[in-house]
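Read through the structures below before going on.
Here chain A shows up in two complexes: once beside chain B, once beside chain C.
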Partner chain A sequence: MNIAFTGNPNVGKTAIINAIAGSKLKVGNWPGVTVEKKTATFIYKEKEITLTDLPGVYSLSPYTLEERITRDFILEEKPDCIVNVIDSTNLERNLYLTLLLMEMEKPIILAFNMFDELKKSGYKIDIETISEMLGVNIVPTTAIKKEGLDTLMDLAIECKSSNQKTIKYKLRYEGFLEHEIEDIIKKLKENSINSKYPLRWIAIKLIEKDEYALKKLKEETSKDLSSLAKENIMRIEERFGEDTEAVLSQTRYGIINGILKKTLKKPHKTNINITEKLDKIFLNRLLGLPIFFVFMYFVFKFTFDGSAPLIDWIDGFINGYLAKYVQQAISFCPNWLQSLLIDGTLSGVGLVLSFIPLMFFLYFFLAILEESGYMARAAFVMDRLMSSLGLNGKAFIPLILGFGCNVPAIYAARALENESDRKLTAIMVPFMSCGARLPIYSLFTGVFFIHYQALIVLSLYALGIVVAFIVAMFLRKTKPFKAEKTQLLLELPPYRFPTLKMLWISVWARTRAFIIKAGTVIALTMVLLWGVINLPPNSTPQNSILGKTARVATPLFAPTGFDRWEIVATIIPGMIAKETVVGALAQTLNIQEDKNNEANNTTFIEDTKEQIVSLSNAIVESFKNMFFSIKQQTFELEDAQDNYKTKISSILTPLQAYSFMVFMLLFIPCIVTLAAIYQEFGLSLVLFEMALLTIIPYITSTLIYQMGKILNLN
Partner chain B sequence: MPLSMAKEKELFKIEKILGGNNLRQRLSAMGLYEGNTVKVYSNGSTGPIIVVVANSKIAIGRGMAQKIMVTPAT
Partner chain C sequence: MDLTLTPSTEDYLKAIYEISQEKRVVRIKDLADKLKVKMSSVANAVKQLANKELIVHEHYGYIELTDKGFEVGKSLYERHLVLYKFLTQILQVEPGIASKDACSIEHYLHKETVERIVKLLDFISTAPNSTPQWMIKFKKFLETGVSECRYAKTLDRLEVGTKAKIKSIRLESTIKKRLMDMGVIKGETIKLTKKAPLGDPIEIEVKGYKLSLRKKDAKQIEIEEV
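Moving on, here comes the complex of A and B:
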């Protein structure tokens, strides 16, 4: 059977679902959009249950994506039971959604969550009377203590049979209004409108002038019902002197307040709680912004410096240790097959795996910000600054993370409320110069701009930001990214301590989704690109498919200045990951890197021991980086090796080198970023990005090179 | 007067919400409906303002707050 969970944001719905479904939880997206969809299938009391977590919403109007998803799911998928999770400490507003859900006349039960908080703060509540007055079952729950969850599940299983009849009769609105609703129902019947939707719900939507419902009804019945309730609307507006939807929402709140007056006794005095104390600091007009930046610094530092030693270890484990023994095991195979398996497949898998620490750390710290309630404050604090750029306050977080790595930054765009903001932010992220682009800058500035290294690198970072904002400003004016100037409207929920278990479940579910969805794309692309670089078998860099293509394509790059095939050929490996550019350059320029082959003399046991030691070292290192080091390691420049210097400076001028660095800054960052965009936004945005991230660097490099030539900077 | 001009720490009754169906439905679902009383938690000279309504804090963009007409409540 299907059970759907719904409720306002910040009511502990995730905690309930995590406690019930736990490790069975799968994270994905709703079709075609970036709204997170969580589902789980499991056996409970010999019944197969499919649990769906609907997005957190306040109402079921058709105006936001989340609300449309919730509404459509309930009406079209017809879950066997809707579990409406409610924050017991905020019944007035939470029950508003309940009334909207009940209008849809589907089997529903209520979970009064955070029940312990309500009792602790001195409220007295009569749940039985509320249940009686609404005509639905109510279960008090405290998700973090796992209280009431068994009862909730037991009732959810029986919910269809036990209260389907009652819901239809219990909920009635104010006399005059209800009379008009009945009149519309009569008209619907007279016009023999047969709909899969309940008639009373249709009548209410007609009164509310809900265009989305009208459209759906027209599709279903091929009748335009927009004028059916015209007279009723006029009568209601005349009687109450207000718009019909205002009348309806006031009626609903009237019912809720009537129920609460009878059933809820407030304590005499409310004590100042932790939320009030913290908000005095975090929302302070002077301190708010600096505190936000401090938090951002720590998220950045923890994510990148904390994960770096582990990433290095995974890299060494796969490409050093595993590759060595796989090679030994398959040494009987022809060389090209060995190379395909090791350089193509294994290193592709290694690339995916090496992102796990990063994703894990990022999701962990983002989850803390999100679950603790601080994220909403961050949006508030940043709103003033970012809205002047036409962006949501929360967009700041993904953009900042982008300087460390674009991949987690793409996933961080999830935190934004609306779809077009999420897309636009994801498009801006690749222009943020990530850590992997630094080795390229190190090499070229080391060769050409040794005295101004830091300044040149800084200019590239700045250029990336400028280009990102120009692109965003242009795209905002085009149709797919146009947002009705969205004004901030955001609940600042009470601060709550996220439990470790809860964090673990959501972090693991999301990391797993990354491995499966993005991982497949990455591994496949790696094999494909291996072919481009290494085929035909036993080819040198010059006569491989890559080398030949580069030679043909080189004249195209004449306007950018770096029209040398040795340079152009590194663009394709640069798509895999920017880290590979320097290595690829060594190949095309025939530079011998000093390799030490001493490792070959060690035995399997020695190697294994060494891997275990280095893993524990990496863990220690990760902790040290996070807590005992102030230095930010993501932005460190390394020295360029001497053997590159002569060769590169013989084929490029400083201006051409700068033009190439600009190209690499703005070009497709890596296939993992593309895979992340694919996972989050689908193929169409990936294709758009690929086009954008090819055209823009080409134009920018050309502009810079040509202008530089005019100014005689060559 | 619009909510954007309301004084901090004081109570106000919502008289009228100007604007379309969309805005009004979103606001009323969050407890900001005509006839209800809100407390202004913070209102600087620029940026969003924060109100307390039905036990929760809600940040509202300044532009939106200009469309919410209120009168002082005692």
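Moving on, here comes the complex of A and C:
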């Protein structure tokens, strides 16, 4: 059977689902959009249960994506039971959604969550009477203590059968309104409208002038019902002196008030709660912004410096240790096959795995921000600054993370409320110069601008930001990226302490989704790119597919200044990861890197021991980086090696080198970023990004090179 | 033939049209009564109209409109009606004065101006709410001399820590609906709890929770301090 969970945002719905489904939880997206969909299938009391977590919503209007998803799911998928999770400490607003759900006339039960908080704050509540007045079953729950969850599940399974009698009891609205609703139902019957939707619900939607419902009804019955309720609407508006939408909202809130007046007794004194105390500091006029930046610094530092030693370890484990023994095991194979398996497949898998610590750390700290309630404050504090750039305050977080690595930044865009904001932020992220692009800057500035190294690198970071905002400004004017009108109408939820177990479940579910969905794309692309770089078998950089293509393509790059095939040929490896550009350059320029060819006569046992030691070292290092070091490691410049200097300076001028760095800054950052965009936003945005991230760097490099030539900077 | 009429002949033609709608026949005397003029003046005007082939008139007989005369008379009458409506319904002028003034202005207005007024009336009458908000407010303004628009306090101007009651929300329907769904409804008491470090957005307490909204939206929410 299917059970759907719905409720307002921040009511502890995730906590309930995590507690019920635990490790069975799967995270994905609703088809075609970036709204997270969580499902779990498990056996409970010998029944197979599929649980779906619907997006958190305040209403069921057709105006937001989340609300449309929830509404469509309930009406079209017809779950066997809807569990409406409610924050007991804020019944008034939470029950509004309940009334909207009840209008849909589907089996429903209510979970009064955070019930312990309600009792602690001295409220007296009569759940029995609320249940009777509404005509639905109510279960008090406290998700973090796992209280009431068994009862909730038992009732949810019985929902359909046992609720039959209670569903017949219909909540009645104000007399005049109800009369008009009846009149419309009569008209619907007279017009013999046969719909899968309940008639009363249709009537209410007609009164509300709900265009999405009208459209759906037209598709279903091929009748235009928009004028059916015209007279009723006029009568209602005349009687109440307000538009029908307002009348209905007020009626619903009126009913809730009536119920709560009888059943809820507020405590005499309300003491200032922890949220207000914390907000006095976090949203302080003077301290608000500095505190936000300090938090951002720590999120950045913890995510990147904390994960770096573990990433290095995984890299060494796969490409050093595993590769060595795999090679020994397959040494009978022809060279090209060995290369395919090790350089293509194994290093592809290694690339995916090396992102696991990063994803894990990112999701962990994002989850803390989100679950604690600070994320909404981030939007509140930063809105003034970011809205002048046409963005939501929360967009600051993914953009900042982008300077470390674009991949987690793409996933961090999830924190934004609106689809168009999420997409736009994802488009801007790749222009943030990530840490992997730094070795390229190190090399070229080391060769050409040794005295102005920092200044040149800084100019590139700045250029990336400027380009990102110009692109965003233009895209905002197009339809798919248009700003939503309800921007920043958001709840600032009470601060709550996230439990480790809850964090663990959602972090693990999301990391797993990355490995499965993005990982497959990455591994496949790696094999493909391996072919481009290494085929035909036993080829040199000059006569591989890559070298030949680069030679053909080189004239295209004449306007940008760096029209040398050795340089152009590094663009494709640069798509795998920007770190590989320097290595690829060594190959095309025939530079011998000083490899410390250690005597490779260690035994398997010694190697394994070493791996274990270095893993424990990495974990220690990770902690040290996070808590005992101020140094920020993501932005360190390394010195260029001498053997590069002569070769590179013989084929490029400083201006051409700068043009190339600009190209590398703005070009497709890496396949992992593309895979992340694919996982979150789908193929169409990936293709759009690929086009954008090819055209923009080309144009920008050309402009810079040509202007430089005019100014005689060559 | 020259069809331009003098203001007074226009009045005669219009009156003939009006009488012909009420009675079966039109006589000189009816005209003199309606326009409160002497019979001789009427006879003179009737002669002119007959010359322009707008009416047919046998000596001392009945006056009859020709097809062309009917058309011109009708349009003159309708023009008068439009102006009368404009004066009474929009400017809220008393009917007596409106009727007189309609008679005086109608001769001097360009065809296009009249058409515009017709369109304005049309536009207002097809508005979704039977009487648009601004007209109700204008009426109130005429009665009390106090413009609601000028003195209404809006949410963005509320001070931190003070409470107020929502009077009306003037936002576009998508945002308005969203606000109402979240509990910001007419008559609800809210409290402005905080302003962001940079002054915008603001945070209000409504229905026991905190909601943030931008100042430009808050500006469209009318309040009444409590």
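The criterion applied here is as follows: the second predicted complex is superposed on the first by the 706 of 714 C-alpha atoms of A that agree within 3 Å, B and C clash if a C-alpha of one lies under 4 Å from a C-alpha of the other, contacts with A are read in each partner's own complex, and residues count from 1 in each chain.
Basically, a residue touches a chain if its C-beta (ideal position, glycine included) is under 8 Å from a C-beta of that chain, and two chains touch if they have at least 3 such contacts.
Since the model is a prediction, treat every value here as computed from it, not as a measurement.
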Touched partner set for A:Leu490, first chain B, second chain C, both or neither: both
Touching partner for A:Leu51 - first (chain B), second (chain C), both, neither: neither
First (chain B), second (chain C), both or neither touched by A:Tyr96: both
Partner chain(s) touched by A:Ile368 [first = chain B, second = chain C, both, neither]: neither
Touching partner for A:Leu286 - first (chain B), second (chain C), both, neither: second
Which superposed partner A:Ala618 touches (first chain B, second chain C, both, neither): neither
Which of chain B and chain C A:Glu238 touches, first, second, both or neither: second
Chain B/chain C common contact set on chain A: 58-59, 61, 63-64, 89-90, 92-93, 96, 242-243, 245-246, 249-250, 253, 279, 283, 285, 376, 379-380, 383-384, 387, 485, 487-493
Complex contacts: residues of chain C adjacent to chain A: 128-130, 172-183, 185-188, 194-201, 203, 207-214, 217
Of chain A, residues touching chain B in the complex: 58-59, 61, 63-64, 89-90, 92-93, 96-97, 100, 208-209, 242-243, 245-246, 249-250, 253, 279, 283, 285, 376, 379-380, 383-384, 387, 485, 487-493
Complex contact set, residues of chain B against chain A: 17, 21-22, 24-31, 33-36, 42, 44, 46-48, 50, 53-64
Contacting residues of chain A [partner chain C, same complex]: 58-59, 61, 63-64, 89-90, 92-93, 96, 234, 237-238, 242-243, 245-246, 249-250, 253, 279, 283-286, 288-289, 376, 379-381, 383-385, 387, 485-493
